[in-house]
Amino acid sequence: MANQLSIVYFSWVRERIGRDQDTINCPENAETIGQLLDYLKTKDTVYQDLFADLKKLRFALDQDFVGLEAPLGSAKELAIFPPVTGG
Amino acid sequence: MANQLSIVYFSWVRERIGRDQDTINCPENAETIGQLLDYLKTKDTVYQDLFADLKKLRFALDQDFVGLEAPLGSAKELAIFPPVTGG
Amino acid sequence: MISITVQHDNFDSGAEADRLSALGGGAISSFVGQVRGDGNLYALELEHYPAMTEKALRKIAMKALDQWALYGITIIHRVGRLRVGEQIVLVCTCSDHRQAAIEACSYIMDQLKTIAPFWKKEILCDGSENWVEERQSDLDAAKSWDD
Amino acid sequence: MISITVQHDNFDSGAEADRLSALGGGAISSFVGQVRGDGNLYALELEHYPAMTEKALRKIAMKALDQWALYGITIIHRVGRLRVGEQIVLVCTCSDHRQAAIEACSYIMDQLKTIAPFWKKEILCDGSENWVEERQSDLDAAKSWDD
């Protein structure tokens, strides 16, 4: 059975997507975050726009920062957001 | 006329001397702090003890730190004290 | 002891420093960041990633405890709408030695700026809005602790 | 703006930081030094050289203003008898940039430790007294800013 994954969005990523979060079924062949993004781009043009410049995005898997090559494993939550600007 | 100079003492220097301050007439031939200390040693044995180890003492002339070679000039106040320990 | 709070309400930096210093140590270093305005700024809107924020801040605090001999660390970060002049963040550290307290405070702020999941949106006086972008100087500051 | 106060009374570090930050800048760094006790210490007796103290502290503050872009500096140093846990000294700096505020605060404390005319006497629980001696680490810290 495909792994269910929540995708949460923050800052202008959330505004651009127009939602706080999505729940998706991870395809079997998406083993890394990069591969998942490629899959998402095939599903919705908003992702195509968003993922056009990945240098502007950061990713956290189950609340830990990760790179595009990180394996999704059995993670429950992927967060997509711009570089942080707190403090 | 000889220059009048207040000498003020702090911390254990004050306790060792037993007074807060003295007023002296600077001898004509005491041109630097070092020379003044030599003169004071001839006046009182408490100064001989105190000035036996000058590395333990600091000096301020008219409220500015100075070394032993500093000219007394027309200064009004010499302070003698141990290294500071505030903060 | 690590105390981490994310809240909308304001905080009293002096009271926080007093509370922390009761843990021991004679050296208390505090940093407060405020909303700085140039006349065009009306307010900041601060968003965060609640599930991740405390985890990220705790990781930073634990690393500081590894590197410096501290009695405690307090981190408070505000979220929501904050007007010009309001306080945003407090980092307070407590040690026997002032260099340890000050360096740890500086380290925590530098790390917080680059890896704690907060985002600032500027609300300008004319009603327009824009998200603040990351600054290279913050990235450089955070990296400077690596060696 | 430089504010220098020598007093016996306690101070409220948060209120002082608020007052200073009203001058501008979004980055406020504070350091508080307290009487640290190991169980044998009853109190410290702090003496100073009144005619020189403000002059020495002002010189340190002016040098900090030369080196960092600061809106203001507050220095408060207490004198007289202070019990274990009481606050001794506050240094607070205010800038647009956190590194400037933090570095200036650290610099002022390091200089204060070696050239501001204060002396501490320890009053131990058994009634004995001894003057605190200067520490090489303080001299090294003050010198580290020279280059």
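So that you can tell them apart, the chains are marked A, B, C and D in the order they are listed, and the count of residues begins at 1 in each.
Please note the rule applied: a contact is a pair of C-beta atoms (placed from the backbone, for glycine too) under 8 Å apart; a residue touches a chain by one contact, two chains touch by 3 or more.
Values in this document were obtained by computation on a predicted structure and should not be read as measured data.
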{"item": "Chain separated most widely from subunit B, comparing mean CA positions", "value": "A"}
{"item": "Gap in Å, rounded to a whole number, between the CA centres of subunit D and subunit C", "value": "23"}
{"item": "Whole-Å separation of chain centres (CA-atom averages), subunit A against subunit D", "value": "49"}
{"item": "Mean-CA-position distance for subunit B and subunit A (Å)", "value": "74"}
{"item": "Sequence positions of subunit C contacting 2 or more other chains", "value": "33, 98, 109"}
{"item": "Multi-chain contact sites of subunit A, meaning residues that touch two or more partners", "value": "87"}
{"item": "Category of the chain touch graph - line, ring, star, complete, other", "value": "line"}
{"item": "Listing of all chain pairs that touch each other, if any do", "value": "A-C, B-D, C-D"}
{"item": "In the complex with subunit C, residue positions of subunit D that touch it", "value": "12-17, 21-22, 25-36, 85, 96, 98-99, 101-102, 105-106, 109, 141"}
{"item": "Subunit B to subunit D touching residues, read off their complex", "value": "8, 10-12, 60, 63-65, 77, 79, 81-87"}
{"item": "Residue ranges of subunit D in contact with subunit B within the complex", "value": "33, 46-49, 51-52, 55-56, 77, 88-89, 109, 112-121, 131-134"}
